[in-house]
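Shared chain: chain A. Partners: chain B in the first complex, chain C in the second.
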Partner chain A sequence: MAIRAPEKEPTPPPSLRAQRPRPNFETWSWFFMRISGLVLLFLALIHFTLTHIMHDVVKTNYNFVAHRWHNLGWRIFDWSLLALALAHGLNGLRLIVDDYVRRPGRRAATKATLYMLTGVLFAYGTMVIFTFPRA
Partner chain B sequence: MAVVDVELKIKRYNPEQDKKPHWETYEVRVEDTDRVVDALHEVKWHHDGTLSFRRSCVHGVCGSDAMVINGSNALACVLLVKDVGTNITVEPIRGLRVIKDLVVDMEPFFDQYKSVLPYLINSTDPGYEERRQSPEDRERFDDTTKCILCAACTTSCPIYWGNESYVGPAAIVNAHRFIFDSRDEAAGDRLDILNQRSGVWRCRTAFSCTEACPRDIKITQAIQEVKRAILYNRI
Partner chain C sequence: MSTVGTPYRGKSGQWAFISHRVSGFLVFMFLLLHVVDVSLVQDKHLYNEVHAVYGNVVLRVFEVGLLFALVFHALNGLRIILIDFFPEAVRRDKTLFAVVVFITLAACIPGGYVILRPFINGHF
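Let's look at the complex of A and B:
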């Protein structure tokens, strides 16, 4: 009896390779860490150069801050540094808590404390930056 | 080739007798070109028959005898005594439950491996033909075909030690092997699995896996390629 090759299907089903995985919170969280890390590097270096190298940090006083924040651009710069550093740090800690705090109750409590603390720091920092009286 | 006296310090644990693991030291005489597994055999066959460890082919192919040797994950059948010195410490691989001595429970590791669909999925019937592939397409995933599932990478990962829900480097390597295979049709499914909280985003690029791999697979690079495939929909 001759062995006959089975006929090929006339229309093969569409390839599953084309299916795109739907980006979710974890995808964007990872992407955010990459981008914010890169931006923070420059923001932090500029901040450090201006306030610690070009200016004697011992002489940092009200007048120095008032002079700097006279310019809205520097307020936005400092606020960006604050917001990105807090968000980057918070997200990093969230991942570490997910990894190392195993008990669900303790994990929820740790995260709640973390989110609240970050929220307070962000609100307080934002308030200081944008309500500081213009010199 | 020279005969050397080796001080072998082994982390022992017998769940029927011990509350926690303890160290035991053995003096064995081996040749410096012998492998660490030969020194372990020397202990088991001539000093203490109760020592338990896994090994099968003893030639670096089956991946049974991954253990922590002098602090680093390695295959005991690949590492030579002359390369590790005459004071050798041996521990079971970390992050998996120790059953006895150097034998760990590999079930969670294999469950994670199975979770990424590590087999060819293709709904078309090639008939009485091979599924042909160009050398370039084969090259795309060549590195990750080398995995022997010894678990040296996964159990060297600091994230895996802390979080047993992470699929681990070995599972991602084996997913990579099929995701980038032009003959496979389920890349989307695998990327969806690895896009979850327990998937590739757990990786913090520590490179411990790449350092530990006895087959020199560029594991961190493979993980990054999977991340990129998810982010940019680029296979």
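Let's look at the complex of A and C:
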């Protein structure tokens, strides 16, 4: 990511803007990580506080989930957390794979496994959240 | 890579970078596992049986680790966003990273205590 040029440089803003590369996939990836990260900060920390701090982990049994998912709002909350966390994590891991898995064949295979695993878990999680019987 | 420069360079920044990666990786791995264990809720008895394992002290320690990774990643992410949108903040990078570490410890040590409390009190 480019940062602003030193302040003392007399270049007016329009030419700085012209120096910027055209937005591409990585630009949107960068933007998505910032936005989803901000939203996840709230979703994930609320989720963790509720299910690990306010209620002991042992108390979050089947009845706890059934009671919570009686409320459609919590189902939407949990699904948003599922979708955003998986997408944010998947994109993060994609960058990590690009950095450390250098051989093209192995890189493609690692990414294919990662995308498939995440896709299956997203579909499975979505199915579980929305087909769970309403108590 | 452009020639303009990158905020991700330097001493505390390098530690922040690697910690951000490691914590993000660990939280994502846990997330994959967590989707599977919560999905067992389709079978009441299976879910309750598997879920009871989380009360074990080993998994409680694991849970505390998750708390540290999650809170650190969230706060360090905020630091990154701050520097991305207000590049001047990079001059205070060392202070910002120290604040991230301090808040992480200040939040997670009491949080970790609450998670481990049943074990400390002998209920395990």
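To be clear about the criterion, the second predicted complex is superposed on the first by the 114 of 135 C-alpha atoms of A that agree within 3 Å, B and C clash if a C-alpha of one lies under 4 Å from a C-alpha of the other, contacts with A are read in each partner's own complex, and residues count from 1 in each chain.
Everything below uses one rule, namely that contacts are C-beta pairs under 8 Å (C-beta built on N, C-alpha and C of every residue); 3 or more make two chains touch, one makes a residue touch a chain.
All values derive from a computational prediction rather than experimental measurement.
Novice: Between chain B and chain C, point out the one touching more chain A residues.
Specialist: C
Novice: Looking at the overlay, does A:72 come into contact with chain B only (first), chain C only (second), both, or neither?
Specialist: In the superposition, A:72 contacts neither chain B nor chain C.
Novice: Would you sort A:82 into first (chain B), second (chain C), both or neither based on which partner it touches?
Specialist: Only chain C; A:82 stays clear of chain B.
Novice: Which partner chains sit in contact with A:108 here, chain B, chain C, both or neither? Use first/second/both/neither.
Specialist: neither
Novice: Given the touch rule stated above, what does A:23 touch, chain B (first), chain C (second), both, or neither?
Specialist: A:23 contacts chain B only, not chain C.
Novice: Look at A:46 in the shared chain and tell me whether it touches chain B only, chain C only, both, or neither; answer first, second, both or neither.
Specialist: neither
Novice: Going by the contact rule set out at the top, does A:98 touch chain B (first), chain C (second), both, or neither?
Specialist: So A:98 only meets chain B here.
Novice: May I ask you to decide whether A:56 touches chain B, chain C, both, or neither, giving the answer as first, second, both or neither?
Specialist: second
Novice: If you lay the two complexes on top of each other, which residues of chain A touch chain B in one and chain C in the other?
Specialist: 3, 5, 19, 21
Novice: Applying the document's contact rule, which stretches of chain A touch chain B when the two form their complex?
Specialist: Residues in contact with chain B: 3, 5-6, 8-9, 12-13, 15-24, 26-27, 29-31, 95, 98-100.
Novice: In their complex, what parts of chain A are in touch with chain C?
Specialist: That would be residues 1-5, 19, 21, 34, 37-38, 40-41, 44-45, 48, 52-53, 56-58, 60-62, 65, 82, 85-86, 89-90, 92-93, 96, 117-118, 121, 124-125, 128, 132 of chain A.
Novice: Where on chain C does chain A make contact in their complex?
Specialist: These residues of chain C touch chain A: 2, 4-7, 21, 24-25, 27-28, 31-32, 35-36, 38-39, 41-42, 44, 47-48, 51-52, 54-55, 60, 63, 66-67, 70-71, 74, 77-78, 81, 84, 87-88, 90, 111, 114-115, 118.
Novice: In the complex, go through chain B and note every residue touching chain A.
Specialist: Residues in contact with chain A: 121, 123-125, 127-128, 159, 162-163, 166, 184-189, 191-192, 194-197, 199, 201-202, 204, 227, 230-231, 233, 235.
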